[in-house]
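One chain, chain A, appears in both complexes that follow, with chain B as partner in the first and chain C in the second.
Up next is the complex of A and B:
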């Protein structure tokens, strides 16, 4: 049994000596959110210089609010991308969620909570369907959710027009349950003299939760594994299908959440809204260091990506520039982020033998 | 290090005991028969080598044992009871672990996360409860060290390790989590001479610890170094099935290189 034990100097301890410990800078660079953090600081300083209205606590609160409107869904989209999938339907799903709540409650004259619950069920069902179709058919999630995206876009407009006769829902602020729901999803509170939106708190909470899940739980381990190497994850017993469907449903849950915010902030929803936002979520995730190919990224990075989005979209206005430049800026950010990601991936997969 | 393998290996394993028995097993994918009438017995403390050219049915065979694809002909028995796996998890629960050549590990994940992937230690059974990160790192590092794999930093992505080391981590992981049957899918195919040696020693160590090992390869030299029993597959059927005492390396090599076909070919090509 153990006759081999003496002659076995297994492995190659010799390799120990020719592996070098990386310097602090290199190790820091290998963290997913570092690129985004540096970018956020540089952009922040830049706008503090060129856009004087930005230099106030009030502006910061507004920027945080703007960031949170994208950031809440972006966190889920980031997790989904770490899990190796895309969701292009997330933008219009936000609108679908709001519409279902408003129209259902208004037409049946029911408490808004009932509509909100139904809307949640609908959103989760769409998320489940996205995930189920991707896993069952093996077709790229890019295509499946592109389909869902168009279906929802059409249904949003078609149903709203048919039921209400216009492209927006009726005002719901006199209905039962409004004040409570408004408090949960769209209230503001005072910090000193500054009004802060409740969504900022929700956003921080979701980011913290996502970060915990990704780095400190079993499910988080599985998310990285299914995104990094699905076949390998399956072979060691990770329930790949459950993990991925769960991720799609997380996206749809937070899309529902943002939909609720939109509805209770403006009391009405435009049926054509949300188109294009799916790309903002993806950009926030990628700028935050999430690999497009999956298996790498983190929640804090995605939050920083969302913050860069919020800061830039408002500061371009504060600086008195034509807001149309914003999109061009986002494009440049995305390209830079992809380049940084590519470099980072090389850094962490290549063998660094000195 | 053999001691550590023995430590974790199932104590109830008896050498020579049949762990997995396949009788007349076949598998078709639609109209294509990838495998038919294969008999294979994996015994504790033995290395069963499955050799064959590309497309001979090696992959199909291990996919059946490891639970990736169920068989549709014949019987598969584990510990004497007939089974029909529908997922790798089921096979793992029966103590059958597979180490794949190219998909053994998740390259971008840390070594310790890879080591515990699918069998993570958590502080409680509640969903989203914390991982025992410190314990997991310590155990992974200790186990790998005992087995002669020294990683500078247990936090480094496993993609930074050499191919041989990655295979060894995957094998160490399977043994640590109580594998009784270890299936190695072309573990040496992508490796250099030295790295192959490391993996082969490791295979022998697992065998000595009493595990049943299935060693898939198309390299008869590697197979002959560790094998106790040899099966050569060709076009989905077994063309040779012998114990070590009944066959020598020349025969194996000849069969692998094409056997009679090779003789025919040499006649045709004669100048």
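Up next is the complex of A and C:
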């Protein structure tokens, strides 16, 4: 309840007077994810036309899997961005999480669950550190997490190389706990004749949870408030420090989760991996309608953004286009998505009666 | 100066850390430790030449391939009592600077990769002017002479691709998919072009080698888009393992061929999941580059008779994997 008025106040204060007159269309248009949804539909139809192999349930499952591997972390990154901060270390943190688990368990010959738990602690600590440093120093999160990004990249390589003598971890599929963890993080299940990855389910779950937190809880209000205007949020009693550190830790939790998936899907992790993915998360969030400046966005939008990315990157393959141009196509498609998103949002702010 | 000292301290720290972990390992009791090949402190009672040799590569950190080059170089350095200084930078300009650094510190010889010959030509010439012998390895087979390096140790990527393509064509491969894991790499493109020259229906695909799940889903997408693909060629061992997952998910019956080796890929060759590997023997590249400089300095030798010394392609398949598997598990092949 308080949340409804909050959103009104933050989003469009002028609406209060003619709120009653808004029809379904305008109400739909006012939602942050609508632009992304329209963009997803437009691009989806486009690829259904030009890429025949995309028209099957198997392809959809593959696209959903690809989207989920980006989307799980992207949801947290989206929330963080709504809270007004960035995390450039999220991509390599995924690798760090997997490495800690694999190396620690393997070298000490311990059950993989122990390594997974330790890895979670490490990830959360990194997230905490990110948040704490940003809040304590007042330096932009872009810089702080850029620092963490480089540090983690170096530590990933350095430690892995020193401990294992190679830059990738040893294969862990014969160790205790593997089969259970594999079921949790990297199994597949059948829907009809189609194999769906469990990460898709986790992804939906995390999106639903994030959406609920953002829209239906006090914490959600706090997140929008600190992202909209940190000083006034603090003035009205929002625990800014806790909220922001919590957001950074959410990112690191989901980075850990994705790291677990990567480890238990591939049984080994290469220390140099994950670099560059931090931008994919941010791109997914922005394509999904999250504002780079904070204070605006939602979880479902970010999920759609991830889906657009997953769909585009795979459909270029389905369409059989010249692979040398892959990045160019990808760029054009993402620009298109953002343009459609912007256009729809403009519609929603200019047409008020109806 | 400071830098040199820091580097000298490096091995000590490594040894100490290793000692800690190896002891932890022993108590843990995991059977194969999978531990380092460049750790040992004893052994190798060879010549005590006291030369200093700089090895400079375009390695992007994080690829097991370079571990093997370094293992080979380290072993050779140990055998001949050489102080080996390894440095790397994927950026051509920075690699040129590293060569210049080596010249400035008056090393006895320089071994460098020539992935970007034009960018490095000036530095190699500067080394020659300073009377420091330079050998090339790993990449630059066509340009090493014009750039001014005296010898070359490496694979001929085109030849490697062609032999792979030939073997695939002989085995009846019709539609070949060549997987390129880093865009804009001349060496990788050349391999695929070589395959294509013998198996004309070869098609390339670009994947993001830094993200295994992205590789799997891209390949899965490709395999379901084109069901006629009957051979897949990957250009690195980790990518081959991703390809196996993708083939599994897409229900593809294609045969898999890969460049290079690692422990898991070697095991898959043994199990018949990978048809064969085209190995360029990176260990030999590192070993020979250092050895050549040593012999040049010590005895004025020249290896290769004025031409490149090929370290590959060496085929690894079911017929010889038995001998090779232990070495692959040790991380030297």
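Quick notes on this structure:
FYI, the second predicted complex is superposed on the first by the 292 of 354 C-alpha atoms of A that agree within 3 Å, B and C clash if a C-alpha of one lies under 4 Å from a C-alpha of the other, contacts with A are read in each partner's own complex, and residues count from 1 in each chain.
Operating definition for what follows: a residue touches a chain if its C-beta (ideal position, glycine included) is under 8 Å from a C-beta of that chain, and two chains touch if they have at least 3 such contacts.
Quick caveat, the model's predicted, so the values are computed rather than measured.
Of the two partner chains placed around the shared chain by superposition, chain B is the only one that A:295 touches, whereas chain C remains out of contact. Of the two partner chains placed by the overlay, only chain B lies in contact with A:216; chain C stays clear of it. In the overlay built on the shared chain, the residue A:190 is in contact with neither chain B nor chain C. Look at A:237: by the touch rule set out above, it reaches chain B but stays clear of chain C. After overlaying the two complexes on the shared chain, residue contacts for A:228 are found with chain B alone; chain C is out of touch.
Against chain A, in their complex, chain C makes its touches with residues 14, 17-18, 21, 24-25, 28-30, 34-39, 60-64, 66-67, 180, 183, 204-206, 208, 210-214, 216-218, 220-222, 224-226, 238, 241-242, 245, 249-250, 262-264, 331.
Against chain B, in their complex, chain A makes its touches with residues 1-5, 8-13, 15-16, 19, 21, 212-213, 216-219, 221-222, 224-225, 228-229, 231-239, 291, 295-296, 345, 348-352.
Chain B makes touch with chain A in their complex at residues 1-3, 6, 66, 68, 88-89, 92, 98, 100, 103-109, 113, 116-120, 122, 127-131, 133, 147-150, 152-153, 157, 159-162, 164-165, 168, 173, 194, 198, 201-202, 204-205, 208-210. Residues 51, 53, 56, 58-59, 62-63, 65-66, 69, 106-110, 156-157, 161-168, 170-171, 188, 195, 261-262, 265-268, 270-277, 310, 313-315, 317-320, 323-324, 326-327 of chain A touch chain C in their complex.
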